[in-house]
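Two complexes follow with chain A in common, the first pairing it with chain B and the second with chain C.
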Partner chain A sequence: MDQNRQGARASYVALAVFVAGWILLPSGVRRLNREAFAEFQAPALHLLGRSRDLATYWEKRSRDAEELSAAGRDLARINAGLELKLKMLEDVRRENIRLREITRYQASPEYLTVVARVATRESASWWQRIVIRKGRNDGIRPGAPVVFGDAVVGRVAAVHLSTSEVDLVTSPGFRCTAYLEGDELNRIVLVNGVAAASLGSAKARVSVIPHDYTMPAGQPARVTTTGMGGVFPSGLTLGTLDGAAYATQVGNFKESLLVPSRDLYNLQEVSVLVPLKQNPGEALMQADQFQ
Partner chain B sequence: MGWAWLFLLLATYPWLLGADLAGDAFATSGLVFFVSGAVLIAPCRRLRRWQCVLLAAGAGFLFEARRPIPDGLLALPLVGFAVFLSTHRAWLRSTPRMLQAAAAVNALACLLWSAGAAHEADLPLAARLGQLALQVFFATVLGAVALVPLALTQNAVMDRLGVPPPEQP
Partner chain C sequence: MTESPETKVLPSTPVEKIRLYGVFCLFALGFLYVVAGLAYRQLIQAGDLKEQSESQSRRLVLRPPARGRIYDRNGFVLVDNRARWSVQADLAALQKEFRAEYLRLLAAERARQAAQVDAERVMELARVNVLQAWLDKIWFVIDETQKPDVRRSRPTVRSSAEPATARKVDIEELRRHLRERRALPFTLLSDLALPGAGQAPTPEDGMRAVARFIEQFPVEGPIRLESDIIRTYPHGTLAAHVLGYVKDTDDLPPAVQDFDESRAGSLQKLRYTGKTGAAGVELSYNNILKGLSGWELWTKTSAGYNQTRLKYSEPVQGSNIALSLDYRVQLSAEAALAKIKDPQGTPLPAAAVMLSVDTGEILALASQPSFDPNRLAGRISQADYDEVEKKGAWLNRATQGLYPPGSTFKVITAIAGMRRKVVDWDDILECGAFLRVGDHDFPEHEPVGYGDVDLDKMLAVSCNVWNYQVGLRAGSDALAAESRRFGLDSPLLDNPAHAEGDGQPLTELPFAASRGLVVPDREYKLRIKAGPWTDGDTANFSIGQGYLLTTPLHMACVAASLARGETRTTPSIIHDVSRDGTHRGAAPIGLSRVQLEALRGGMVRCVEEGTARSARLPGLPFAGKTGTAEYFKKGQVAHLAWMIGYAPADNPSVAFAVLVEGQLDTDTWGGKTAGPVVREMLESWAAVNGVRLAPAEPPAR
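Let's look at the complex of A and B:
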């Protein structure tokens, strides 16, 4: 029994020494350890995502031919409409390039789109994240914006070899500047994630709303990205204002909640917009990750 | 068997992944299905102390790897719990005691990561006490509920690996 106690005492001392060493260790070692455990889990996450895809495939296979042919017909119509739209947009693009050349306008950052399937969703009061099945091997970098259609989903928080973690719009770490629909002066407001209330769905907060701003009647006001800061392209939808705007403690501005434009926990697929050139914000985020 | 802890960790991993999947299914509620504390109980009755320590560190780091929590904040306390439990094996002889231990370790570990996450997110913990209490209560219940299937799996693996059975009173 005494030997057991002595062994335990030695173990506690060893643990205390290890904790001290752990705190003093260079952050790179701790990061390597975290990365190793994340990579260990990556195959399981891929397997999970693929089995979900397989389940969806068999669910779709079980639909009858009539339903499928109706869906195919609808898709063909949509495709025809989109082809027409593409041609119009091509004309607009050419005109845009010509005008930029004439005015010597500095080109906005260009992005490489990487489509990724969602592996798991993770939500707590302190964070809302999704894990996607694409990573460093696919060219994804920390800080890259993540979208679905024209709606902002979030921002890449951490990148591993074949998976990445995305902070959702509603996650407390998310911050972005935005414009409000109906504000003729295009004044900038701030959007940041808020810690979720007990068992409630997470939302984001829109702050620094000008006092004289009034929402458009009959519809919720859209909140769109400004394109400033170089992270998100301009004009993407962050969500809509939750209706009731209220005065902040300072009293000079109003605040409101943001309802994300998509159900963020039901997404199956997202697009990561990887900037072709590294922007300053991204460089800062990478430095943070290596600290 | 020296590598028993690693095989046990691999055998326990599907349970940890299952808890993540449950969290995924209930993502809108904001609850985390946390069982990393409960996975220590059955191994601490049978494995050697150093093996329990490695298993606890592995389970803790696996949880931390994909979450914004300070490094080692969960893994190192779990190691401390493993040392404590493997020293007081006599406390874990009966099933009710094991259930109590699972609930207590799971709740304490949950409290630690919640506090760590609040610190990392730069949010005042006091303002979120309701959510914290709910999460800890949920982890307490889940620790006790998940212990029986977890212990069954882990005991079956330890039997296969030839780990000696726990000492009888």
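Let's look at the complex of A and C:
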């Protein structure tokens, strides 16, 4: 009996020593520890993602020929439409080049696009953060915007060797400026994620909407990036205003909820727009890491 | 089993029993005392103790509301609110950093073997260092041109003798903040988007700075971006004297309805700085514009910082006000006034008023020089105050400027004469080059005189001698009585219908002159110890000179009253579609229809071929009367240019008055100087109201 008690006491003491040791550890060591854990976890995440891809592959392989033939027909139609659009875009591209030559516009692509598969969702922040299968080795840097098509998905919060964590638009850690469709004065509004209640759905809030802004009739207003903050390119879609919540008025401004433009819960693949030049925010993040 | 003497524990003797019961009683009493004390505190003192506990551990923070907007009569925004983006530091969250820096500095001081270490000073320095480090990071992110080294271990600390800039932590401001509002966040950068204040050259640069902060600065942490609402005057100096401006105040409006004032009585209260009306409509209608404050109930830490927000209620914006001003007419009035300049190119002090004949609603009220209320909203800097003072721009010349009305007063002299039956509309008076009154010759402004003059011609050419004669015949008392009938001695009150309905007192017009108006008479002259009244005084009085002092708005009201055939017009700056056109104290003018038509006809002739020809508008016949009054400036005579009237002549809709203060080196004459301003105002009014004007006449060969 006494031995059992002594054993239990020893466990408690060991736990207390561990916790105290963890608290007293220098922050650099703790960060290194977390980093090491992330790297240790990375192969498992890769494996998980790839096994999901494999499952999808076999699920598609199991479809019958008729179904595949119908899908092929649909794809051919879409392809034809896209080819037409491509030709039109080629004209626009030529016109663009001509205008740039006339105005001697010095432009270079500001972002490098890195396509990445979604490995998993961060279990600690369900619905708010995803892990992608590209990391520092692939040139991804913290703070880079993450998109799917022309829609903003989120931005890179942390980068490991072969994986990166992405804060979704609905994450409380996400914040950016936006324009509202129909606002001719192009006044900036603030979009930021809202901490979700347990079992509640994640949301993003659009705030500082000018009091005299009226939503265009017949359709929800698009919310697009401004490009003014130096992180997101301009004109990307963040989502649409949620009409139901639109009437909320705080002081002189209005608030609304954002309906993200993509189904953030079923993302399979995203593109990371890695800026060619480091912006001050990124430098600040790195400086903080080194301090 | 027998009890041995060694194991005996219970008292057996009476003495022992008494002792034991005594101890029991003592314990029982003690227990009762504890229970009673507990009951007393739990049942009787519970409320007080709870309140005491809450007041020690909780705090109420009051947040100012957004003020109501001010529109013109067509719904055009004249005064608005805008977002102010400020970067604030949460001092409670920075406590650890303050402490670490404090220890570092303390160690450095001790290493230097300082004889005496002033812990208070070291703590202050630590706070400044930490805040400065964060401020450097903020500038690193928002400034696209300069790139400070964020990895620098310690920032440069400014001594208190150095001037405060947006890039340095203001030590004085920090001291004041810690003394008065320790619990609230400290503002590191105020109004990030404002050009100048946030060191952004243009509004777009300002918004870019805000956007860069939002997107690049870490979301989590002790530094946060707050947006609050401040007053903005989007048209700068436009109608500044009417609109007024706001000033900072800690005396916030009452909190919203769900706030229990009685329960909050003992709680410590902290207030964010709010705004209250300081002048103009902002002051006069402050009660309508101010709104209701929001409140937040916080728990506080032992160090006095806010910890957790328990409850809150958002502030409620103040009600909006629609002014009677028409933005476009106001704009044209101010633009026209700005064109009248002295030889050095400085615009002359001047005023212009246009109001509705039927309702008295003021469509334009301009005063020059003016000021930019944006620069006065909040704390007025000494430089801004001095600039406004030097220009003489505090004075609203339209409602506060006191001037002799000059020849525009001749319409009242004529009415006094006709009502006293000393002259009639068709009487012809012989008017030479002067009139001898006592031992003085009172001159005509035409060297050879005007010969035979009737009412019509008098008004057209502004004959002085006709007025001397009529004034002397009617007497000074009649002139004074007629002036009072037209309200020249009464302050002008605003008359919004909703205020009357609520039984609220009538509001004085913003910046209105309530003192200094003079309608002279014998008693007045004796009172100011200027000697007995003479005929010369009456002659001067009859042409609007001498002691008579009035404002341009009063003369515009006289013109509006003439247009309606009444004596009084109640001007209003508030737009009210239900206004019925009745005017307080108004009575019929007291002239026959023929006399009134003759008076009006003379004013029309004044514009068509008389002294107001420069204001003539083809296609819009209107009535006018010019005046050139003399006033003393630096001991020398200068001229005031006046013009009053109403338009259109046949169906009066608006009345106006324009005044320009001539300088010693300017050639200032009623019709010539004030006429073009009237013309531009009427052109603008016609354009707004769809009145078609005839095409401009070709220049005469």
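Going forward, the second predicted complex is superposed on the first by the 233 of 291 C-alpha atoms of A that agree within 3 Å, B and C clash if a C-alpha of one lies under 4 Å from a C-alpha of the other, contacts with A are read in each partner's own complex, and residues count from 1 in each chain.
In this section, a residue touches a chain if its C-beta (ideal position, glycine included) is under 8 Å from a C-beta of that chain, and two chains touch if they have at least 3 such contacts.
Remember, it's a predicted structure, so these values are computed and weren't measured experimentally.
In the superposition on chain A, A:L112 contacts neither chain B nor chain C.
By the touch criterion stated above, A:G173 is placed in contact with chain B and with chain C alike.
Of the two partner chains placed by the overlay, neither chain B nor chain C lies in contact with A:A76.
In the superposition on chain A, contact of A:L84 is made with neither chain B nor chain C.
Of the two partner chains, chain B is the only one touched by A:E165; chain C is not. In the superposition on chain A, A:T226 makes contact with chain C only, while chain B stays out of contact range.
When the two structures are aligned on the shared chain, A:L99 is found in touch with neither chain B nor chain C.
By the document's definition of touching, of the two partners only chain B reaches A:N33; chain C does not.
Between chain B and chain C, it is B that contacts the larger number of residues in chain A. Common to the chain B and chain C contact sets on chain A are residues 172-173. Residue ranges on chain C touching chain A, taken from their complex, read 65-66, 81, 83, 137, 140-141, 147, 150-151, 207-208, 210-212, 214-220, 227, 229, 314-315, 317.
On the chain A side of its complex with chain B, the touching residues are 4-5, 7-8, 11-12, 15, 18-19, 22, 30-31, 33-35, 37-38, 40-41, 44, 48, 120-129, 131, 157, 165, 172-173, 195-202, 265.
Only residues 13, 17, 20-21, 23-24, 27-32, 49, 53, 61-62, 64-68, 71-72, 76, 79-80, 83-84, 86-87, 114, 117-118, 120-123, 128, 130-132, 134-135 of chain B touch chain A when the two sit together in their complex. Residue ranges on chain A touching chain C, taken from their complex, read 143, 172-177, 188, 190, 192, 207-208, 226, 228-232, 250-253, 279-285, 287-288, 290-291.
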